[in-house]
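Presented sequentially are two complexes of subunit A, the first with subunit B as partner and the second with subunit C.
And then the complex of A and B:
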């Protein structure tokens, strides 16, 4: 059936590549990168405004920029990139044709139109409602319309993914179970369906309300259903970037999962329980019972956290196993020292893993615990936490995998290789900075989404400790570094796509080239070893840090809220 | 080889084609079952339960 005009063979992995799928991956990835550039620029403006000594933008522009930043990076960049990942993990990794490419283009067009419409609404100035758009704040109708169109387009993308799974199975393009990376993408797609359905349930009435057709939307109802979308969409990110970790580990060092079974069970924990954690956004809302809050954020969420810990252990473990097999067996960490640190795909992936776990994971469990959440609720600690998850975790992982997509899918060599090599490090240091300094300021009580912590012209003034001002200054410096890292990424990627040296093609009818170890990415099979002492030590360090920090916060709570 | 002998069976079991597929593998190999679970569980435990609590808040007099 393989038709040379529709398929080509990937020289590195031996995978058959469906050209219409490839074109869609390119379009979605490029659009994603463009919106990252726009949204990242707004992020820099926001950070420079929150730096008291600079205080760049006036108040109305600050809230406009903050709205645009949240939307363009959290929604547009990440979801466009995820659609590219879904198509890659289905059509490409399964050697299959993509279901209904024309419909996929319709989905792409809807997402693009929606993103542009919402951006226009925000830039017109009447919709500075933040990306959460809590009622009764009212944005222009086309703000909601744009988000809804975007969501419909993304839902089409998920449908194409499921359709492709069905086709691949019927046409028997793969053997046995789908590869682990595809399974991770499936997890993301499943969570996406729930996410988008919740979004539709709440945003369609809100659109009607902004036009005047519906008279009232209950704020608590809005928040509850909105976060079924808002939080779950973060879980799409987690699933997708974990899949990307496995993919990069497989392609770059030929790593096979330690145990297919265990890794798949960890993804299953995500499918079943991760979305319930949405309730952590409502921990201080009156009107919802503690039973609901505690069930959804504790019991259920810990099962999902368990899933993350499994991935956090098995990804480095699989890398260690693969490296040891190659003979890098010196001591505990010889495998790690000899890892390909100058390959930006590997470096970005590994730092994404470490930062997501240490900064994002630990602060997330702390914030998600009802009692200690009270110390940090609605402070800058919250953006500090999610810049560790969604920027150091997801964004850095997606950046890393781009360095593989450029040669494999765009068939171009990277330009400015030195810049590419440094990029993940610059970005990781910058993002760790904004994350830690915002958490620091938040611990001192500095509010999020707040234009002026000096309270210069307010009736009731308040003095934050001087350290809080210092934190905001350091945050501004780190933001410049992060923005520089983002810019380096964009220059390398856009430059390579436009000017990179073309990589020769393998027509599909020629005998498939001998696949390299990278073929592990499309295969089922475990590494079948558990001798990973280095990883065990790393995990031990992680748990110690986790437990210490967790209890420090309870101690802190007992001081701000003494019980005698 | 058992691949061609019993085409209905998943080929991951090709070398021991007659061994039954483990229960969990069947669950994990069924994307639509997973989709059903992944949508139903949060809909019931988070959305429906949460919304029920909100609509039963008594009105202020």
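And then the complex of A and C:
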């Protein structure tokens, strides 16, 4: 059994906190935030270059900055933060000690070393191959090496998480089943193992190819396996940020899942079906059959989408039920109007939920429809879509949960509370703009990853419609706003960690936490006693938008040249 | 609460609330609609990709393209041959760093079998302003049967990053009455 001295009790929540786990959560979260700052800065440079009137960087620097942006935010920021979430959802939420903290530090060191090595490779200039590094375009060997080391470190992190679950069960630190949030984190970790295995299968041969030991990597095979990593890693993000939504809803408004069974089934669908999504990137490739494309791109008849649509109702539904229990029963949306909108954790979480569903979810399904992909593949519609999922969805959710982790784990009060309060709104508006304007430009055909849509240096000429140039300008403005929101987040978080008022602690005595608000929401089955009409209306609006937008795009498709 | 173990130990025997059940059924059915829509479009729609593709080599593909250019070139434009192959024929388009070669000229409402491949890295075939986007791989020859239905001047923009000259890579397709 663990020594009691290595635990402390959080005075606010009553959670028992394992100090080595706490130190690891701190290290991973802080490193994540540092890379968010670096990657976000590169992102701003990219957006300002694509703003035709500004056209900030020269071509070589643009492609370098775009490569670095993708790696630092999509890979490094998100995965470091996810490791912090895994440790939190296991050791902290289960009142357990963390398995093998020393090994966890080794994993952390590998991830950090890998991230730094890959960044060095990119900054040296010889590896501007984009995040996807499609062969036969070749990067420097240490570009691939860094990514591999990072992945091995992350795999160790997943192992620590699984180990901690086993320890918690053996040492009986909790009763019954693991909490829903931990279940969501478990989903993320299981998908992560699949993801990292796919990454190893393709990146190790590619590393050998880059140093001359392997003569040929088939480009189509590379893409198929690479995206088994690349897209699945986005499903890690989805699982993790849905778990974060549930956690924030529980902590801030005392929300309880409407039905444990339904929410857990929805997570299970992610594990079973999300891995098929490699196909989303192969819909207009040669040599792959339509049958394969249709089955895989739809996650076997949209069963993973079903999972997300379920969470899309159960998360706001649980919030509505909790709010109504508290007496906010006025009309359809009284519960929503009286929600704690000035709490950045809640505001960020709820906007993450709405933007992920409306912008990211709907556009993702449309983009991933076999034939509709013809009018969207590799246009700016693609980054427009995934900025809604990964930035407005995942990043905003992670920012929101940070406002809870700072007092709980770092034991500091937030500084600049006003700035913190505004931060999620500024960031959400900025990111929505980025996403919408890029999707707009993409609908007009504008290519992604492109330095000059004016084609000034080409022998032949072509002009995109003037609206496309307007969209790119608006995208630049939105990016400035999002960058401001990102900066506000970093200032508040770093400021709080360094200068925030310390929150006192008490020695570990109480065993399990009995969160006070849980009791207020009733024993079980809030939906049994309360209806959730507001959520039903919200879901109805979502569904209508989904159906209309889906068929509008079939209409667009039907207008292009017939081809077969 | 979601951050503590389920209060009901045997949570998997909880009844599913009706609101959730209805939504699950609607969402599931909608998934089926979207799934069968793709199959339906293969039968009734006019915009589908064939499954026709072949392994090729840069040499073999260049040879076939050059044969077509030698036979059907009608004029020259900034150093590119403009090729007007007969309707129904096999047409070849090379993607390479950093150009599409040659320039093609089609007749409106006629059908062509367009073969595309890359001689070096991956490229993107983005036909503008129609907005048809395909991926071009080296070593693979993709065959698309297309029927231009409007006359005009069209551009092929590379939309897969292919190195420092990527943003200069455009080609032309003319469609005449």
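Everything that follows uses one rule, which is that the second predicted complex is superposed on the first by the 535 of 564 C-alpha atoms of A that agree within 3 Å, B and C clash if a C-alpha of one lies under 4 Å from a C-alpha of the other, contacts with A are read in each partner's own complex, and residues count from 1 in each chain.
FYI, contacts are C-beta pairs under 8 Å (C-beta built on N, C-alpha and C of every residue); 3 or more make two chains touch, one makes a residue touch a chain.
Remember, predicted model here, so these are calculated numbers, not experimental data.
Participant: Identify which of subunit B and subunit C touches the larger number of residues of subunit A.
Facilitator: Result: the larger residue contact count on subunit A belongs to C.
Participant: Could you say whether A:268 touches subunit B, subunit C, both of them, or neither, answering first, second, both or neither?
Facilitator: first
Participant: Mind working out whether A:294 is in touch with subunit B, subunit C, both or neither, as first, second, both or neither?
Facilitator: second
Participant: Taking the superposition as given, does A:164 touch the first partner, subunit B, the second, subunit C, both, or neither?
Facilitator: A:164 sits against neither subunit B nor subunit C.
Participant: According to the stated criteria, A:309 is in contact with first (subunit B), second (subunit C), both, or neither; which is it?
Facilitator: second
Participant: Now for A:191: first (subunit B), second (subunit C), both, or neither, which partner does it touch?
Facilitator: So A:191 only meets subunit B here.
Participant: Which of the two partners, first being subunit B and second being subunit C, lies in contact with A:458: first, second, both, or neither?
Facilitator: The answer is second: A:458 touches subunit C but not subunit B.
Participant: Between subunit B (first) and subunit C (second), which, if any, makes contact with A:175: first, second, both or neither?
Facilitator: both
Participant: One more residue to check, A:221. First (subunit B), second (subunit C), both or neither?
Facilitator: After superposing on A, A:221 lies in contact with subunit B but is clear of subunit C.
Participant: Which parts of subunit A are in contact with subunit B and also with subunit C?
Facilitator: Subunit A residues touching both partners: 175-178, 218, 220, 261, 264, 287-289, 524.
Participant: Would you pull the subunit A residues touching subunit B in the complex into a rising list?
Facilitator: Per the stated touch rule, the residues are 162, 165, 172, 175-178, 183, 186-187, 190-191, 193-194, 197-198, 218, 220-221, 224-225, 228, 232, 261, 264-265, 268, 271-273, 275-276, 278-279, 282, 287-289, 292, 295-296, 300, 524.
Participant: Show which residues of subunit A lie in contact with subunit C when the two form their complex.
Facilitator: Within the complex, subunit A contacts subunit C at residues 59-60, 63, 93, 128, 130, 134, 136-137, 174-181, 218-220, 246-247, 249-251, 254-264, 284-290, 294, 298, 301-303, 305-306, 309-310, 313-314, 317-318, 365, 369-371, 373-379, 443-445, 447-453, 455, 457-462, 464-465, 513, 515, 517-518, 521, 523-525, 527-528, 531-532, 535-536, 539, 543, 546-547, 550, 554, 557-558, 560-564.
Participant: Note which residues of subunit C are touching subunit A in the complex, please.
Facilitator: 1-9, 11-12, 14-17, 19-20, 23-24, 26-28, 30-32, 34-35, 37-39, 41-42, 45-51, 53, 78-80, 99, 103, 120-122, 124, 126-135, 137-142, 144-150, 155, 157-164, 166-172
Participant: Would you tell me which residues of subunit B are touching subunit A in their complex?
Facilitator: Touching subunit A from subunit B are residues 10-14, 24-25, 27-29, 31-32, 34-35, 37-39, 41-43, 45-47, 49-51, 53-54, 57.
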